[in-house]
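The two complexes that follow have chain A in common; it is paired with chain B in the first and with chain C in the second.
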Partner chain A sequence: MSTLRLRGDLPERVDLLNITPLALSGLSEAEAGRLAIGTSRRGLTLGDAFDISLDGSDSLVIEGGSSRLDRVGAALSQGSIRVEGDVGQRLGEGMAAGTLTVTGSAGPYAGTGATGGTITVEGDAGDHAGGAVYAAKAGLDGATLVIKGAAGDGLGDRMRRGIILAGSAGTYAGSRMIAGTIVVSGALGDHPGYGMRRGTLIAGSHGALLPTFVETGTPDLVFVRLLAQSLKRLGAAQAGLLGGTLRRYSGDLATLGKGELFVTA
Partner chain B sequence: MSDLILNGIKVEDTFAEAFDVAGTAIIVTNDTPKWAMIAATVMTGFATSVIGCGAEAGIDAELSPEETPDGRPGVRILLFGFEPNGLKDQLLKRVGQCILTCPGTACFAGVDGPHKIKLGGAIRYFGDGFAVAKRLPDPQGKMRRYWRIPVMDGEFLCEDSTRAVDGAVGGGNLLFLGRKHADTLIVAEIAVEAAKAVPGAILPFPGGIVRSGSKVGGRTKGMMASTNDAYCPTLKGRAGSALPPECGVVLEIVIDALTSQGVAESMRAALHAATEIGAKYGLVAVTAGNYGGNLGRHHYHLRDLLEKPAA
Partner chain C sequence: MAAWVKGGAADVDAAVEAAADLLAASRVPVLAGLSAEVSALRAAYRLAETLGASLDPVSGPSVYAELGALSAGGAMTTTRAETIGRADVVLILGNRPWDGDLIAEIAEAAPSRGRAAGGERALLSLGGPQNGATRHVAYAAEAGGLAVSLGHLRAFAKGHLAGEAAYADLARRLYAAQYGVVVYDPEEVGELGVEMLQGLIRDLNESTRFFALTLADPFQGRAAVQLSAWTTGQAPRVGFGRHQPEHDPWRFDSARQIAAGEADAALWLASLPAPRPAWLGSLPTVAIVGEGSPEAAGETAEIVITVGVPGQNVGGALWNERRGVIAYTEPKAATDAQTAAGVLARIRDRLIEKGVSC
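Entry: the complex of A and B
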């Protein structure tokens, strides 16, 4: 297990795109220390900000978090990264495989464009978790994003595939969804599923519903059972929600209308 | 040719000749075991011989809710064809007409293998553009793709594709030479139950038993197969009859399995089960059908099956 220990407060936002177990595996600690992570003209390196201990393994622990740690695990394609603390924006952006865990909270756009692997945020996630960054075609794109606390607004905005689990979410959850599944054990804010084309939103309750969602009753669907089986491993609270009766709404009929919102009846 | 004896019953020292076939499996689930079985029974109907029916199919096992992907009671169905393309056509026809149509039913891949066969990925067009695909991890974490097709009782959920295996074998068989029809039927029934209990093996004929064993060709021009006259009791005594004077009826069981070993173990189980009760029901002998060894690659010598099956 390799370790990066944060020395103290960061003087600027840092970009950890290139700091993965695979990238570090062939490097000595001195070489790793010279990797650029700064985002200003200061030329901040990994060695400037972290005490580095490498053993060539495929697991990396970052001790000491900061909301200035951006794009943690963004290029992860194998192995695991565990952050003991908070992270900044775009956690696991475009990640392809592996396991990414944050014991604290994450900033905005966690899991954006991630195509595989599992991202777990044990605290809260900022706005647009699993959502698309500006000009991107898609948000979460196949990965699994588990937020144990609360998610902000625009959860899974324009997400394309994959699964998002969260404890609660703000407004416009699942907005402009292309496809995928979002299960929130608690409440969603106002206007869930705004402009969603396909995809599944499931929640304990929700705020104001768009007029372009229509109720389709409380069907007992095999898909919900199957999802419950899949979620047993990922989130007990969300899987439990699926065991009860769910009221289904179909929408957003202002667009393709193949999406759906299930809410505890 | 010297004869063998098992449990006091004569076993001819011959072999069953079987063929390579394309094989696949699906799991059908429903809210109740009864309706899962109805769907499976209909789907495996008219699937006795690949020559006349396009496929050979049967029910491999009833599954408990813990054994199925959606946690409902289910049935595993095996389907065999000459080659993967023909198998695909038969699978889609049968799922489309028998599983899609059955109330409450869902359909999943039932086997892993090298060849992909579209299932929901083709049947989704019945959904007329309203069907949606969902990708979900199975309990092992492997991503699987499902289609949800709106139907009048809710949704038909069908996995995108199943797999075809290499190494499936069709045509393992045993012939039971008996005295009376009713008694020999009991022997064959007991053999069928033992053969079916082997995982991955089915017996496609009615109740697992066939009475019209065939030979290749016939005296009528154009016949691919005709009655196995050597084993017809009404033709006893003629030159070419293989039946001893005391034999009054012959029943055959035919076995298809996903592996060659499955055929062998299924035949072994059937041979032992039949001979164990054979004396009580007037069983004269057990033999097997072959075409001289020139047609099928797989030969199951009865001599090799005399050892008891593993418990």
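Entry: the complex of A and C
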């Protein structure tokens, strides 16, 4: 297990795009220390900010978090990264495979464009978790994103495939969804599913509902039971939600209208 | 022309020197405001490149409400002149379009060119102030706001919802148009709403002609978008910290950077009037402001330098909303005032002499 121990407060935002177990496996600690991670003209390096201990393994632990740690685990393709603390924006951006765990909270755009692997945020996630960044075609794109705490606004905005689990979510959850599944054990904020084309939103309750979602009854679907089975190991609270009766709404009729919102009846 | 350093009157040379010192000492400088003529914007982007700073126009929320939707799905737009010449149906969204003289001008004329020539012009409003000065058919917005209303309207327009609702009637009127135009302010409608509206316009274009006429922000944001595009290839919120222009609307939101304590120095550029930011005075700042503006005073910032106001006492290329282009504006009464571009170039020259280079 390789370790990066944060020395103190970061003087600027840092970009950890290139700091993965695979990238570090062929480097000596001195070489790793010279990797550029800063975002200002001062040229901050990995060695400036972290005490580095490498053993060539495929697991990396970042001890001490900061909301200025951007793109942690971005483009991760194998192995695991665990952050003991908070992270900044774009956690696991474009990640293809592997395991990414944050014990604190994440900034905005967690899991954006991630195509595979599992991202777990034990605290809260900022706005647009699993959502698309500026000009991107899609948000979460096949990976699994588990947020144990609360997610901010725009959860899963323009999400294309994959699963998001969260404890609660802010306004406009599942906006512009192309496809995929979002299960929130608690409450969604106002206007969930704005502009969603396809995809499934499941929640314990919701705020103001859009006039373009119509109720379609309380169907007993085999799909829901299968989903509950598959979610058991990821989130007991979310899987438990699926055991009860769910009221189904169809929308967003402003667009394709093939999306659905299930809420505890 | 006047300048102040730490509240005391100073000559411009000393203020430029102090500004270069202040910026050279910073780690994460931001250049904000950017309410200025094109030559000053260009000088600001050059200064940012030298300094490794990021830029953020005060018009950011308006610019990105429009660009966010444009970058995702494109947009079908028209101009003010085309609207006045061709439109037989004009839908006015929200309150902001009613502020200027645009709606009155549209209401006074009838279509004179194209498919609807010789016909009448119908004005419709959605979520507007419903004043009686201009004859129009008013539809109320949903409680959820304009974005929710636009979704609801689009569902009727698509035929996914039916019935005798007000929006069903509005949708029928839109489809009956020969050349329709929707007038709106992107910031008021919001990014999600703009994207929904552009989807509605695409739907309408399946059977008729329909376009958007978007109102520009009043702080030269459209000019900044164009200048940033031809200078950096990106939208305005770019940073040069890593020797190349990086675009990130969240990271380079100057209000966020300053509130989070990330930025440690700022340059506020407003040769044209711009709303004074709440953070002015909370971190070391160089303010380059128009002569005679309320900010032209020693207490505005650590260093204050006044410059000519484009269109007033100096000439400058500005966004012309009527024509929808950048156009040169003559000064009303030319003086020998220094220009914002000149001051920014002098600060940059001093930084280069000091060996600051990104």
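One rule holds for everything that comes next: the second predicted complex is superposed on the first by the 265 of 265 C-alpha atoms of A that agree within 3 Å, B and C clash if a C-alpha of one lies under 4 Å from a C-alpha of the other, contacts with A are read in each partner's own complex, and residues count from 1 in each chain.
Assume a residue touches a chain if its C-beta (ideal position, glycine included) is under 8 Å from a C-beta of that chain, and two chains touch if they have at least 3 such contacts.
This structure is a prediction, so every number in the text was calculated from the model and none was measured.
Colleague: Give one word, clash or fit, describing how chain B and chain C relate on chain A after superposing.
Modeller: fit
Colleague: Just to be sure I read the superposition right, which of the two partners does A:Arg197 touch: chain B = first, chain C = second, or both, or neither?
Modeller: Touch partners of A:Arg197: none, neither chain B nor chain C.
Colleague: Tell me the contact category for A:Tyr134 with respect to chain B and chain C: first, second, both or neither.
Modeller: A:Tyr134: touches chain C, not chain B.
Colleague: In the superposed arrangement, which partner chain does A:Ala254 touch: chain B (first), chain C (second), both, or neither?
Modeller: second
Colleague: Determine, under the contact definition given at the top, whether A:Phe223 touches first (chain B), second (chain C), both, or neither.
Modeller: In the superposition, A:Phe223 contacts chain B only.
Colleague: Just chain B (first), just chain C (second), both, or neither: which does A:Thr212 touch?
Modeller: second
Colleague: Consider the C-alpha centres of chain B and chain C from the C-alpha centre of chain A, and write down the angle between them to the nearest 10 degrees.
Modeller: 130
Colleague: Which partner does A:Thr39 contact after superposing on A: first (chain B), second (chain C), both, neither?
Modeller: In the superposition, A:Thr39 contacts chain C only.
Colleague: As a test of reading the superposition: which chain, chain B or chain C, is in touch with more residues of chain A?
Modeller: It is C that touches the greater number of chain A residues.
Colleague: Of all C-alpha distances between chain B and chain C after superposition, which is the least, in Å?
Modeller: 14
Colleague: Enumerate the residues of chain A that count as touching chain B in its complex and touching chain C in the other.
Modeller: none
Colleague: Which stretch or stretches of chain B touch chain A in the complex?
Modeller: Residues 29, 69-72, 106, 130, 132-139, 141, 146, 148, 154-155, 157.
Colleague: Residue numbers of chain A touching chain C in their complex, please.
Modeller: 11-13, 38-42, 67-68, 70, 89, 108-109, 132-135, 137, 158, 172, 175-176, 190-191, 194-195, 208, 210-212, 252-255, 257
Colleague: Quick check: in the complex, which residue numbers of chain A touch chain B?
Modeller: Its residues touching chain B are 142, 144, 161-163, 179, 181, 198, 200, 219-223, 225-230, 232-234, 258.
Colleague: Any idea which chain C residues touch chain A in the complex?
Modeller: 27-28, 51-52, 64, 67-68, 71-72, 142-144, 147-148, 150-152, 154-155, 158, 160-161, 192, 195-196, 199, 235, 239-243, 247-251, 260, 262, 358
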